[in-house]
Amino acid sequence: MSALADTRNAPVLQAAGLQKRFGSVVAASDMSLEVGHGERVSLIGSNGAGKTTFVNMITGYIRPDAGSIALDGRAITGMTPRAITHLGVARSFQIPQLCAGLTVLDNMLVATACHGRSLSFLRPAHRADAIERAEALLKRFGLAAQSGRRVSELPGGVRKLLDIAMALTEQPRLLLLDEPTSGVSVEEKFPMMDTVMQALEEEAMTVLFVEHDMDIVERYASRVVAFYSGRIIADAAPADALANEEVRRYVTGTLR
Amino acid sequence: MNQLITILIDGITYASWLFIVALGLTLVFGVLKILNIAHGSFYAVGAYAAASFVSWFGAMQFAPSWSLVAMLLAAVAVAALVAPLCERSLLRPFYGRDEVLLVLVTYALFLILEDVTKLIWGVNPYYVTDPYALFGNVDIGEQSYVGYDFMLVAVAVVVGVAVWWGLNRTRQGKLVLAVIHSEEVASSMGVNVSRVYMLAFGVGIFLAALGGALTAPMISVQPGVSVGVIIVSFAVVIIGGLGSIPGAAIGALIVGLARSLAVHTAPVAELFSVYIVMAVVLMFRPEGLFQRIQARKI
Amino acid sequence: MQATSATLDKPALATRHGAGRPRTLLAGLVLIALLIGAGALLPKWLTFLLTMAASHGLVSLGIVVLMRCGVVSFGQGMVFALGGYTAALLFNRLGMTDALGMALAGGLVAALAALLVARLIAGYRGIFFAMLTLALSMVLYGVLVKTDAVGGSDGFNMGRATLLGQALPDASVGYLLYAVTIGLSGVLALAARVYFDSTRGLVSLAVRENELRVEYLGGSVRQAVAANFVIAAFLGGVGGALTVMSLGHIDPNFSYWTSSGEFVFVAILAGYHSVLAVFIASTLLEIVRSFSSLYFPNTWQLALGIFLLLAIRFLPGGIGSLWAGGKIKTSNGGRP
């Protein structure tokens, strides 16, 4: 199944038999997935198919009714978002969740401060080593020039990049990108994803990204997992997954 | 048994007074989403205006029973003159801003009105106690109660029914309800939200002023009257639920009875009994007993 | 090239914070020393005014601490009263007369009380946080008024404090209290500045902006708000104790809502960017209050009210935003 995974290491993420209902709606039914180190897995599916539910269960926003989730072999089912973040799962948001009144640099420093190792009543937030690391990461995302600007003054595309950069600050084990190119104009999508993916390559980061744009999926995913009606209906390399009959019928709409 | 009746009667009369005063506060919050600290100031202005109107009526040789009309007119005058002025110049520039910011704006308004009343009416107390004797005394059991207090109960009921009827049975009231539910949707449906705001604010101020006007014969009308009223109205409205009219009634009853109980059985608790109830409600059911808005609790 | 533009556009904010810190602290200490020294030359009414400005300023500083994580407390009167009554009772009942001792005791008692309710209170925001803090301060007021053991609604007086075992002649006690108040307030103000610039301080600002993101970055919103609540209580308690020592009298009005309102007024006027601004705003209020009874007894509240409206309308970031924090775009609906 995960032919591209590095089979020498344990899977970064192991989700098994995840179930979730909301009242009478089955949002997730027997979802299982294993992701190896360095994989770039795209989660596709139409709205309401279960991708968001899956992501929310992985990040601790909701608790699965049944099933288990493990990060590097360690069970994280039912933990709070905060605890899961500390174990190494980071996420970005479809609508960028930033501190709009603070500067770009301050947002990066917030990410460092929240992670806790340097949390103190005395230690300055703006110390040289923290700033240096933050600016290095901003540089990889092409945001170095904006570091002194207030977020509320910045355009959407820049905010998206910052949102992702913040998630990367504390070197997570697993990064979840929630629709990274949604709301980004057509001509900016590829340059943006180029920047993001290159930065992630340098870290050999394991990434799951929810995406609706199949061009983006084909170009950047090493593996595609398709959702429909609360189930995973395909899990393969992009070419194979996108040629799958069910995927074509229920996700990409290229089969009547 | 007698004491129980006394507690009940005192509680209900106090609750009636509270209801008349707090109703306006909850209405203004429900429609404009403003928790108006200056509500007590409008109460005070109503009391002062009533003192003036009753004096004028007396000077013009009207019969004593006309003093009630004088008080009503005073309340109307306050609402008609002061409300539009305050709403337009002081509140309108801040609509849509953070709810706590708006509270601060009304705090500024409270400070301003405190001095405005001093400038208009001076610092010496006014006494207009004649109307208090209008309804004579009522004997229940061994206790003698002032008829005026029961008049207040009647007014509270009338006001409550009138506001309920006005909101639920008239066309204008339905527009107000629409704005309470969602200002954005109502506005996009063509409702003149500005007018609704003005109307709701006007009614709210009228009720505050009416409360003050009707209370004028019972107290010495002087600077500082507003301060105690504000805080107890807040308690009533928080307990009943911000923006809820039945809530204001229930809240008033709870506060009225709690205070009455304390006064008669444990005077040491008289003052803080109200605020303890307010704090407890906030801790366990912050949206109040009648849910109207979701409390921002994490 | 990317590299050069990055180095050329180094954010001024970061370098200012990083390099400027020891300088700011030094400047602060010099200012405190100057004020204490100058106090010996100033007329008594002025040193008293400044003493009140500083002790009240501490209470407002507590509100600013909470504003920085997104909530406004309408009940600082509670900790102000707790601190004041603690100091006065220590003096009268236990014979503790040391000014510093009483001040710190006041702060500790207030902080302990806050600790009891901190976790609960940290779950509230907006109007409900304001109302709950208000309710608690009014509960304390109600209790104090009816407790004859502490003087009931009249309160009680306390005598002159001492410092480090030294009792001073009546003529000098005013200056002693001035020095202690300015010194202690100054040190606490500098400590507040250090806290604001710390990693926890930054997390507080982030909580104000986006609680969700803070949780998803691994931060604890509840911890941040609770910690700020306790710190604000300590500052308020110390302020209350210092006030009582100079005033010589305490009564339940310390906990009344109008008292809390005045502290909020100063905090809003000052904004949350500059610690110095809080004390400047507090001094302005004391000046207006002092001269009001002589010159404009019936219009000073009117002036304050208009002042507040103008500040909210035209300087939403407070006085402090004039030199620290820059222009605040009201992207979050203009929260104070």
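First chain written, first letter: the chains are A, B and C, and each begins at residue 1.
FYI, a contact is a pair of C-beta atoms (placed from the backbone, for glycine too) under 8 Å apart; a residue touches a chain by one contact, two chains touch by 3 or more.
Quantities reported herein were computed from a predicted structural model and do not represent experimental measurements.
Chemist: Just to be sure I understand the contacts, which chains border both chain C and chain B?
Modeler: none
Chemist: Please identify the chain with the largest separation between its CA centroid and the CA centroid of chain C.
Modeler: Comparing chain centres, A lies farthest from chain C.
Chemist: Give the identifier of the chain nearest to the protein's overall CA centre, each chain being represented by its own CA mean.
Modeler: It is chain C that sits nearest the middle.
Chemist: So how far apart, in whole Å, are chain B and chain C when each is placed at the average of its C-alpha atoms?
Modeler: Centre-to-centre distance between chain B and chain C: 33 Å.
Chemist: How many angstrom between the C-alpha centroids of chain B and chain A?
Modeler: The mean C-alpha positions of chain A and chain B differ by 53 Å.
Chemist: Which whole number of Å gives the spacing of the CA centres of chain A and chain C?
Modeler: 42
Chemist: Among the residues of chain C, pick out those that touch two or more other chains and give their numbers.
Modeler: 332
Chemist: Inside the complex, what are the residues of chain C that reach chain A?
Modeler: 2-3, 5-6, 9-14, 17-18, 21, 194-195, 197-203, 205-206, 208-210, 212-220, 328-329, 331-332
Chemist: Write out the stretch or stretches of chain B touching chain C in their complex.
Modeler: Chain B residues touching chain C: 35, 90, 93-94, 96-101, 103-105, 107-112, 114-116, 118-119, 123, 227, 230-231, 234-235, 238, 242, 267-276, 278-279, 282-283, 286, 295-298.
Chemist: Which residues of chain A touch chain C in the complex?
Modeler: 59, 80-82, 85-86, 90-91, 93, 97-103, 105-106, 109-116, 118-128, 131, 135, 139, 142, 144-145, 147-148, 150, 152-153, 166, 169-170
Chemist: Name, in rising order, each residue of chain C that touches chain B in their complex.
Modeler: Residues of chain C touching chain B: 72, 120, 123-128, 130-132, 134-136, 138-143, 145-146, 211, 221-222, 257-258, 261, 264-265, 268, 298-302, 304-306, 308-309, 312-313, 330, 332-336.
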